[in-house]
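We just call them A, B, C, D, E and F in the order they show up, numbering each chain from 1.
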Amino acid sequence: MTTTGPVVCFGELLLRLTAPAGSMLLQDSYVNAHFAGAEANVAIALARLGHPARHVTRLPANPLGDAAIQHLRRYGVDTTGCRFADGRLGLYFLTPGASLRAAHIVYDRAGSAFAGIDADSFSWPPLLAGASRLHLSGITAALGAGPAAAASAAVAAARNAGIPVAFDGNYRASLWTGREHLAPALLRPLAAAADILFGDARDIALLLETAVADHDRAVAAAFAAFPNLAVVAGTRRTVLGSDRHRLSARLDSRAGHAETAAVEFPVVERIGGGDAFAAGVLHALAERPADLAHAAETGLALSILKH
Amino acid sequence: MTTTGPVVCFGELLLRLTAPAGSMLLQDSYVNAHFAGAEANVAIALARLGHPARHVTRLPANPLGDAAIQHLRRYGVDTTGCRFADGRLGLYFLTPGASLRAAHIVYDRAGSAFAGIDADSFSWPPLLAGASRLHLSGITAALGAGPAAAASAAVAAARNAGIPVAFDGNYRASLWTGREHLAPALLRPLAAAADILFGDARDIALLLETAVADHDRAVAAAFAAFPNLAVVAGTRRTVLGSDRHRLSARLDSRAGHAETAAVEFPVVERIGGGDAFAAGVLHALAERPADLAHAAETGLALSILKH
Amino acid sequence: MTTTGPVVCFGELLLRLTAPAGSMLLQDSYVNAHFAGAEANVAIALARLGHPARHVTRLPANPLGDAAIQHLRRYGVDTTGCRFADGRLGLYFLTPGASLRAAHIVYDRAGSAFAGIDADSFSWPPLLAGASRLHLSGITAALGAGPAAAASAAVAAARNAGIPVAFDGNYRASLWTGREHLAPALLRPLAAAADILFGDARDIALLLETAVADHDRAVAAAFAAFPNLAVVAGTRRTVLGSDRHRLSARLDSRAGHAETAAVEFPVVERIGGGDAFAAGVLHALAERPADLAHAAETGLALSILKH
Amino acid sequence: MTTTGPVVCFGELLLRLTAPAGSMLLQDSYVNAHFAGAEANVAIALARLGHPARHVTRLPANPLGDAAIQHLRRYGVDTTGCRFADGRLGLYFLTPGASLRAAHIVYDRAGSAFAGIDADSFSWPPLLAGASRLHLSGITAALGAGPAAAASAAVAAARNAGIPVAFDGNYRASLWTGREHLAPALLRPLAAAADILFGDARDIALLLETAVADHDRAVAAAFAAFPNLAVVAGTRRTVLGSDRHRLSARLDSRAGHAETAAVEFPVVERIGGGDAFAAGVLHALAERPADLAHAAETGLALSILKH
Amino acid sequence: MTTTGPVVCFGELLLRLTAPAGSMLLQDSYVNAHFAGAEANVAIALARLGHPARHVTRLPANPLGDAAIQHLRRYGVDTTGCRFADGRLGLYFLTPGASLRAAHIVYDRAGSAFAGIDADSFSWPPLLAGASRLHLSGITAALGAGPAAAASAAVAAARNAGIPVAFDGNYRASLWTGREHLAPALLRPLAAAADILFGDARDIALLLETAVADHDRAVAAAFAAFPNLAVVAGTRRTVLGSDRHRLSARLDSRAGHAETAAVEFPVVERIGGGDAFAAGVLHALAERPADLAHAAETGLALSILKH
Amino acid sequence: MTTTGPVVCFGELLLRLTAPAGSMLLQDSYVNAHFAGAEANVAIALARLGHPARHVTRLPANPLGDAAIQHLRRYGVDTTGCRFADGRLGLYFLTPGASLRAAHIVYDRAGSAFAGIDADSFSWPPLLAGASRLHLSGITAALGAGPAAAASAAVAAARNAGIPVAFDGNYRASLWTGREHLAPALLRPLAAAADILFGDARDIALLLETAVADHDRAVAAAFAAFPNLAVVAGTRRTVLGSDRHRLSARLDSRAGHAETAAVEFPVVERIGGGDAFAAGVLHALAERPADLAHAAETGLALSILKH
């Protein structure tokens, strides 16, 4: 366990309501209920690995928000950065895939307490005091002008305090519907502030508004565009069948790169695999900053365990 | 079974998410999920009694809305009056009471597809064609100016077509928070259009903006204020303990009244008791219009079965 | 624990399919499944009390019949008297009562492997060898001419071998629908063979085809009509509310009677209360044959535990 | 959505009681309960695709029959053709397969309300009025002389009214046990009436009482034997492992045929795959009557989703 | 919320395995699993009330111990005082009562990681640093010489540091089986150190080895025997029926006493009622030290909510 | 079904508490509960195959022990050899594997009623009277000096009475932690007494304290070292993926050997596969003693069904 300060994660905490295995949504008289949220997943995974982690978010001031706090605390995440406000808890309804039927999601997150934040909702200096790192993702920018401004404020405060920033693109077209054109301008400054960027050639193309290049060129372009950038971390997935994937991980620095062998495995549930990868990489780099190969292996191992 | 046309019910359909018995919200990994909504409950209860019933509402154009339609159809409700639109499905989270702990509700219904309706969302003449009655409740007026206008439009169309209107006050302070002052003006025209009013002295005082009177005076005042009114129907509840109630029903006409004996019973779940009462009264009056005593007994019996 | 031979119980074993608490039948995607059957309940209760018990029945030669055997064996009942044949397993579907709504049963037992038995289906002498008692009930006679003949054969064999017989009237009108007129003639010989009769004044009136008398007279009439009869055992129930009963037990011999105090208790589930009473009485009388008071107390205690 | 009249489906509705995953029958205290029945599955699938569908069947006049009606209505199937009668609801008990253990079924359908029908149980002209098609299967003929006569009557009425007939062989040896020799004579007239036949070379051989030929010859023989026949539709399955199948679909007309590529997929549950195929083909041919390739693709896609 | 330091609770954390409602132990294929332990219940209740609470215990160094930590953290309890060691997690198996059948417990706690502690297992000064109070109970002393010595050491350290001590007798004969004679000598020093004692006349008689006196005399004797004692807090329970209790609370100081009215309520589950009472009293006295009436009301309210 | 006497199985009966699929231990509010124990699994499997089987063990004298008896009886195992004593029921907690995550076990069996047995705990001659075989495994020897002595006593009594002995090595390093050096000396006499040995080259090397040889040599060495030995039976497993194994079975006698083809299959749950193999081999050899091939096929088939 490291003795450095906490990783501060910033992002929305959601409730996922899932149809029981083999059923369509609301055909049965219950739904499974679990908390979700990319950045909170990273915080929880880090805390379970013994790494101090603090989650910063805004929750509704009601029993749903209280339960969200309990969820974070259960896994040892520091919740002193969680604020309460009017508004709802963001939800999404998931019908898991089965055989060749794809999973299906109904988002229901408009009007959440988190979506209502803006640049002034959090007082960042105390929230970041003593932190070893800030971690955030592109999802926050997708939620609207307010959250995007809050993300900028967080990043600015971290830069100010000399705290390194990790950024996970986490681009999901469905979250940007109708605002796709805003994505590059909103995401670029966040990526520009980061020393660790989670993403692949597609994410880099989006950030740089270029065509999708091969991996080496994309990474080179990212290093050229973002002077702070030290590491680009991503996974490569081959879908062998609906329930069988092959996954490898690759980390690039300016000095070189490390790539794991590809591992084939049965997929139980995909959700959260990317977050576990990020947590594994952050954890490994915190312990052995220069060891790209170790970080790639750790990220891959955690990601597969999550699948 | 009657041969007259359908009772057309109009109101929001919600999803109720309930913590498992004995648990607080989101302490377990699932929540029970059931459709709810006062007016839809009436439609379903009527259909189960063999009475034609049509439900008019607006639902989100997604799998949650589809499941809501399936719910109505399952019990034989005609869904040709259900429209689809953008927006969410209204939700509420319920923690059931236990021993002396009261039940607790978190509403999460802002922004629903139904809340976005206005006076022009429904083309009432075809929806009401052939109907034997329109049934609606004060809940719709509480949801905002648009739904209130839609309720007015429905009532106007029914009056125009000579179709009798039943109105259930269903006043819940928590639904009117911040808009309490608007309630009388919004609800009074709906009550004024009705020949059957579900409510008690407290509801009448609210409508007439008077102090709460005893039952006889309140009913007299209602008959004086609302020339179309033929029947006032309500229940009187004595709470004997957290799990034991005593309930009687009373119907007043201009000519007299009928009152049942009070029945004592163990309470399993309170939700929907008022709706079942309304359905029982409507059903009985449809079959034997002048028989207040029969209607009071039928309403009471159904209400208790629902508890 | 007694050292005497087994009580041999004879009767149908059924599967009860029950709607989950609070639901109507088949509204949910599962039903609870438990084995039932009055005489088998007695056998199981005796075995759990440490008394040897053998159950004689006929089951379908399929996995349902196998599971029924496992059920009996689990509680230590000797299943060497169970036969297999074509036919189905008798079922009944139960919707439990709630609040003031009564429980509702749908029988589905026609054509069962047991219903197809006749006087020759069992070779009674070996089945009864070494037995301390035969126990059967009026339900078997209700199932048709074949089962009634089989019950007669069982009773005749027991009388022949000097084995005492216990008979539980267990009259349920719904089982005799269309054959009510046959009941007295079919049941009387079974009661006439018994030294212990479970029943009350209503049961005796049915057997003797007289009007229902008060308890003392009914019992006197039974002793007069049935020379073998030594004990009449029954319970008196006062329903205080849907979930609250008061129950007392009374045993009459030719020499006198014993009656317990009445015990008030909350009712969880009624089914099987009468069977537990019979098992308790049989167990107590096997250990202390002359102690009516002890037997009444034991029967009452077991019956209440079953409620 | 098409504007043509409803597809009228005719057949038994059953209740399937399934052991929980990983358990043998009745080892647990509950069983999963779902409605089943090949023709009703087709009706439901068509209704979910937006196609009007009416199901004609006979159900027991009890709460199980009521729940069956609710099941059909939930998915939008018109139930005006459902009749009620004495008798039971047909059941079957299913132990799902696991690893290399095959699934196991115990039928319990003798004496059902449907099995008691005969040629006069339904008044077909009004039931078929306005219909775009009648769909039935060989299962009905397997249930006994009465149901077979009812199927003939249905087919005759459809022919009379000029309504096309679809027939799914659905041959299951276990349903015909002891009556195998009757199958060809009972099934042939049904197939002879159909313009669409669901089946493969094995089904055709059975109908024509010939040896099993290769697919092309079998289809040619069918077209020769049945002058009304326009389309033969079937699937070809390769079992790659207990949980992995490969499936393709083929439709033959007198003018040619269309065959899909074979799709490999993990099998979740096999039941109902054939019904979904039939529904997909009927739906596609209703929209684009001449497009065999489109129908084959649609049928295959729906069938795989059901697995 | 108070700004004073944490209440430090010290005691064993157990896992309770409970048969599903209505079932006997291990008749079903699952058991409900919840963490328990009198002192940890107090810590959790205080934390939920917003009061800082730290739990000190020893847990097995395995996934069960990890899950115990997560349980405490979930509700906001500070777990920095939890140690890990070899040994097991203490368990108990509970069959809930039903109707007149009493609940039944099988303890399985021998050899637990906590039972192996001794006077030196915890370094108390840092664990108590900044604490506003130490809370412990007689259960720890019942677990053996080692735990009893650890309790003494805790109390001594608290006294040394000037930290007030609360002691809950929590006498359960079944925990002391075979060691009953040791109880007074082991418990008396713990009570002597306390300024708040939870218990009634029976507990005081046990501590002072006198006959059970009436409440006033017992309390007077306790104040005479224990110079540090400031408050005696207890509840009085009347069992009205198996599922209906009446409860009142009383607090005595040297200056007087406060007693609540008796509240009648339906009992859902008894376990933990005493712990909730203690937490309510500690919380109320921390906020308003002199207000006995307020503390009695708060304790009673929380206790009833737990039933 | 054979007419020979029962196979007497001797070993501990445990309770397995399993996290729900997809969850970690104690993240949910329940755990699945099933009885386990290698030798009892063999007894149950034999009884289900129609072979008489008696299980000899010691259980705690409490409701958990009673439930264990019920479990054995349910499947027709003779429990007259089960004794009761103080102590606990041995437990283990299982987190099933998922995707690439391995299953994880927490043993909690110290201090069990069985672990407390010694050479005199069972009176073997009557327990073995009429038996066709004694079956035991190396697990018993691993539990301590007392159980090891009891196993020796059982084997000695069997040899004395001329009853053949089957021995399953069942070596699990985790059970011998800290006592590994004792294993060969404790296990060798048990193996030496056996005519059927379940194990592979690794097990034989352990018994003979040699290096692991190839299969043929290992078997030859075993036949040389153990003059009583007639058959060595084992399986060869190839792990193709986390959820896909290939398994073959081989039986060696002094005269030759038989080996099945390798079967590939999806793995649902591994636990108990070895026990099912042993039961299948014992059953087959009891019916056709010389038919190695038949026994290998039977063992393999049962083992795969258990996976």
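The definition used in the following text is that a residue touches a chain if its C-beta (ideal position, glycine included) is under 8 Å from a C-beta of that chain, and two chains touch if they have at least 3 such contacts.
These numbers were taken from a predicted model, which means no experiment stands behind them.
Trainee: Thinking of A-F, which of B-D, C-F or D-F forms a repeat of its interface, with over half the contact pairs identical?
Mentor: Over half of the A-F contact pairs recur in D-F.
Trainee: For the interfaces C-D and B-E, which has the higher count of C-beta pairs in contact?
Mentor: More C-beta contacts join the chains of C-D.
Trainee: Take the average of all CA coordinates in subunit A, do the same for subunit D, and state the distance between these two points in whole angstrom.
Mentor: Spacing between the chain centres: roughly 48 Å.
Trainee: What whole-number Å value describes the gap between the mean CA coordinates of subunit A and subunit B?
Mentor: That pair's centroid distance is 44 Å.
Trainee: Whole-Å distance, subunit B centre to subunit F centre, using C-alpha means?
Mentor: Result: the chain centres lie 65 Å from each other.
Trainee: Residues of subunit A that touch two or more other chains: which are they?
Mentor: 27-29, 70-71 - these are the residues of subunit A that touch more than one other chain.
Trainee: What residues of subunit A sit close enough to touch subunit E in their complex?
Mentor: 69-71, 73-76
Trainee: Which residues of subunit F touch subunit A in their complex?
Mentor: 22, 98-101, 241-243
Trainee: Residue numbers of subunit D touching subunit C in their complex, please.
Mentor: 15, 17, 24-35, 62-64, 67-68, 70-71, 88-89, 91, 93, 95, 104, 106, 108, 110-111
Trainee: Under the definition above, what is the set of subunit F residues touching subunit D in their complex?
Mentor: Per the stated touch rule, the residues are 263-269, 304-305, 307.
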